[in-house]
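Next up: some structures, all given as structure tokens.
Each of the two complexes below includes chain A, the first together with chain B, the second together with chain C.
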Partner chain A sequence: MDRATTSAASTPHRSALVKRRSKSKSHRQSYRSCSGGAASRIGLTPALTARRLNTSRKAPKSLNITERVNAEHLALLVKTKWKLCYATPLYQFRHTMLKSYARQLSAFIVAEKQRGLAVEVEGAQNHFRASFSVLQGLAEADDPETILIQIHSKPLFSSSEEPQRCVWSGWLSCINGNLDYLHSLPQGFTCLPLFGSSGTEVLTTLVKSWCQKTFDCSFGPLEINYTSLQWFMALLTNCHTESNIQHLKMIWSIPVEPPLQVAFTVSPQDAWELWSSVRTATRDLADPGGCIDFEEVERFTQGLKSHFYRHFRLDLSAGSLKEVSTALGGASINGRVKISNSRYMITTLALLTECALLKMPI
Partner chain B sequence: MSLLKPFSKLPNINTASILLVESEEHLQQSLADVLVEESSITVNVRLAKSLPLPKENDKDRPRIDLVVFIINLSSEQSFISAEASLKYLDPGYFLGKVCFMVTSARSAAVPTERMDAVRKLAASLHSPLLFAEHQTSEGVAAAAERLLGILKVSAGVVPMTTALYLSNLTRCTLPTDIEQPSFD
Partner chain C sequence: MNDPGKCLLKRVIRRIPANMLKTTLSHWGRVSDAQLQSVDFTTSKWALTEKLLNICEENELTVKHVTELEMIHVIDYPNLGMWYAFQLFDPDDAAPSVDMTQFKEQFKFHLSKLMRNVSVKIKKHTDEAIWIRVAWGDGFSRPNHMKPTYVVHHLQSSYVFVTRLTSKLKPLLSQALVLSTRYQGIKDANLSGRNLAALRNLLMRQYQQVFSTKFSTPLAEKSENISNPQIEREQAESATKRHQMACEAFGDGVLPQLQSAVYKLETKFRDHNNKTMTDREEPFKCIVKFTSTNLLESLRHCASSGIASTPVTPLLSSVPVKGRNYFVITDNVPGSSSQTNRPQK
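And now, the complex of A and B:
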């Protein structure tokens, strides 16, 4: 791959893609329908059935990405709680034009902020400064590089010497995106399906609407459903031998009157023992990572639930899982995630990228 | 094990009986209220949380013409309970006198795997799978209307058709691509 050497920030080139496209006319395909089965194309409701979350995935490898990724960026990614959205592929997005995007976005925000004001506020242009940067080192294989967007601002009545603070940050990312899907995109499109933001809702809306105008894409909320939360729980517990998860906390809500919230915290050692007992014995001992099957994940959750039932006579399967968290990170059903440990960031983002690709409309 | 049998009792004239089985009782009651207002025939609605039905009032229970399993997709318990109840039905019911009704299928928090499981269950029992909206009165009315259509046929009050014939047309079929091998 010569991408890394040619330029620091280049859109991944697609020489292979052009050949593929001429073979299979696959534009306007979504991830859900791109699985190639002829059945999904002869009208058997592809939207409902064609794609599911992978039923087996690699165990998270502890990847030391601190050397690859800028420390300042990494610190920002790790310390913040992100609100997730999915984004459809961006049209005519260039990794080389980030400076000009930053100018356009700053101007757009200032213009939107001044709407409805009768007079031009002195120096309003300087109040918001957007910056785009590439988060080098996160992307794997053919993924486009992750983009970090930050908006700096100064409080309205502050002295001019005061430095600007970062008031909003967000990123667009694609980690381990499905290669077949990435290759099936028509030329000119860049797929960065996962959009995380942290900051005021107003600025999030402004950034989204600017992206929609500029790159002809659309955004939608990304809920993390029960299956993905179960995956989260299992993948994080699986890391326990390498770095302590400290606790495994789940929040369940039970639909009774009045509504009941159950916070269920498991000690790390117990969680780990349960997890090792549900792993199938067929694994190769030489390769402790290996693959994790969804059946194992289900057995793990089932074990936790039946343990709870034995003690409290309350069947958690009547309720719904709202949130899971460990010291390494956490996720909740309304699409908020926190990744506290950079070593497992790639695994977590890969899972979330898959969720975002699945969530994208046809 | 006491099986519920479709033909162990005599039917009443111009009467249809429906049994709604739902473990959480969200939709059951409101659906029953709409169903009994039907004027062209007398509709008997029986409610149950799960099967088997109690033995005590077995004598005065009418012949059940249609058994509806209501499954709330947002709760796993609901599916497990319906699956367990199926054992207490006589095989004769599966010749067109059972249907499945799913609620909150549009909720984003519902895992797609659960929907697949319900589809597989309905398809393996050759029964129709209906979708209903339980939060609005329009949704409940629409669900009741669909159930009445099936109920009238399975109670034998519609000439020229039978439950078995109708269920052949309306039963849930499984798409061929439901089991996808994953890419990696």
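And now, the complex of A and C:
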């Protein structure tokens, strides 16, 4: 259980300006404003203006990360529904100091919990134990390694022999972060923009405020907008031939009085056939696995919406897409995600990292 | 009183709202006025339950009596579970003459023939509805009073409303109902919801309906300083027209409270932008579920606000017109654009 000791000293410090050949595709050129509202932000520096949601992305390779990632960590990532936030770059964060962070965070939580108590409670220190560990195997290219934070505790009235249970988990991650952006960060900053948490709101707030104090960063809610939800839908449907999506479910909310909710569930095979029908038209033969263009994604949603309209003469565009899900995972507009299949973990996290970078205030 | 009786009493007391407890108990009539006076209704539910258990012991009440109390409560608060509508069909000549006593005897007789250990309680409510409570056992066990099925039927109507019925027991109940009402058969009416009165009103058309008329209501002048009277008028006209059509489809005023409608679509995918899918032979299978606190009002607002195009599609207006909220939609004839609603079974 003692994962605090596993901090990997070998992790290179990625925050500094690294002179490295840009990836084959220059993001700045391929970025175009897409229909998502957040896409049209105006940046301050050339590097920052590149922060638009990709209009084209690689089809998810089914990556077998089970060999690269600790099985216990992977099980935690897969079984949990995560509440997401964005986090601004961390200042003076070192992957080599995780042990000391764990001590500091434990002390911070205990101190906050004891606030307002007149007497120091005996053994309160043992009630909360934080651990920091590196979630190795997720990061790609220049990404800093993902950090897993866990808080273990004992129920208040339990016997001393009882082992501590994990009551809160969270992680800070950056997968396939925009290289231009990562390289434009000043010395001393580590970019881990995606913060996922699962556990009580009280502990989440405590962890956030400790991070804010220690690394001079700030957190904000990460809404997954319409554009990203559409991406989610398409990327997950695209996986159907490799692992069955079971169903494709969309939940729309229509702004009428009283509010109307529409759950639209498509059978897996039909969703896949519709998806391939909108793809084949533009599939580049030179690049079979290829890139997926946002235009294809839009055609896919448009197809689904028009099928709906043909029956109900009700325009779903008048409402908003709240949630999409398949057996491989799902996401909702309020920033809750579940990734049920480890093979598509990297693709999903890459998309979310992009959302987080976009959400971040400039 | 035995243990099942005590358990049931505890649960019923817990479910009855505190401010209704005294009224419900006096309505029950198994506790004397003097005993009721002695109970302090301001104490906690837990203390009240203890006190009432003692009184019931004193009066030598049994499970049977407690089930009466439960029935009174369920009749007062019917909207706590999901109700399913069933429809009787092909009445015998004798069907219209079935009266309460006859029905009661017949139902009990037939059900006990079908199932040995079954406890039936029938009560006539003020609005002419017959309320039936069935506690099921099986060949070896006594009736389980903690999981009763409730059935509501209006004599001389063909509708039956049922809640908390398992699919295993459905054939038994159906058979007993068919025999005792003198009908030939019973089928699923494909209508369900939490509000019993709403289901009844919908099926018996007891809500404010609007009929299509040539002369719609005269247009009321709205604002004084109109920038462009022509445009204003035109917009107002189309808005009124939309509203009129929405009301024609779903009704006016307060509408019966339905929570959801489900459509199972198995129709061809047709999109002039997508030849591949349009040419495909197989239907495109999907399930659409609409949910709202009051579905019909939401749909009416969709139509009147223009989110749903008018005239309203038969698929949506079928909910009030046919009194159903579950549909399986398939293409009528291959190649034609019309759809039909096929019943569930």
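Observations
Keep this in mind: the second predicted complex is superposed on the first by the 304 of 362 C-alpha atoms of A that agree within 3 Å, B and C clash if a C-alpha of one lies under 4 Å from a C-alpha of the other, contacts with A are read in each partner's own complex, and residues count from 1 in each chain.
To be clear about the criterion, contacts are C-beta pairs under 8 Å (C-beta built on N, C-alpha and C of every residue); 3 or more make two chains touch, one makes a residue touch a chain.
What you see is a predicted model; the values in this text were computed from it and never measured.
By the document's definition of touching, neither partner reaches A:E67: not chain B, not chain C.
Within the superposed three-chain model, A:D180 lies in touch with chain B and out of touch with chain C [touch as defined at top]. Residue contacts after overlaying the shared chain place A:L260 against chain C, while chain B stays out of touching range.
By the touch criterion stated above, A:D315 is placed in contact with chain B and with chain C alike. In the superposed pair of complexes, A:E162 makes contact with neither chain B nor chain C.
When the shared chain is aligned, chain C comes close enough to touch A:S306, but chain B does not.
Once both structures are placed on chain A, chain A residues 315, 318-319 are touched by chain B and, in the other complex, by chain C. Those residues of chain A lying in contact with chain B across their complex are 35, 37, 39-40, 44-46, 48-56, 178-180, 221, 223, 225-227, 255, 315, 317-320, 333.
On the chain C side of its complex with chain A, the touching residues are 263, 265, 267, 269-271, 273-274, 276-277, 280, 282, 284-295, 297-299, 301-302, 305, 307-309, 312-313, 315-316, 329, 339.
On chain B, the positions that touch chain A within their shared complex are 24, 74-78, 80, 108-116, 175-178, 180, 182-184.
Those residues of chain A whose C-beta lies close enough to touch chain C in the complex are 254, 256-267, 270, 273-274, 277-278, 280, 299, 302-303, 306-308, 310-315, 318-319.
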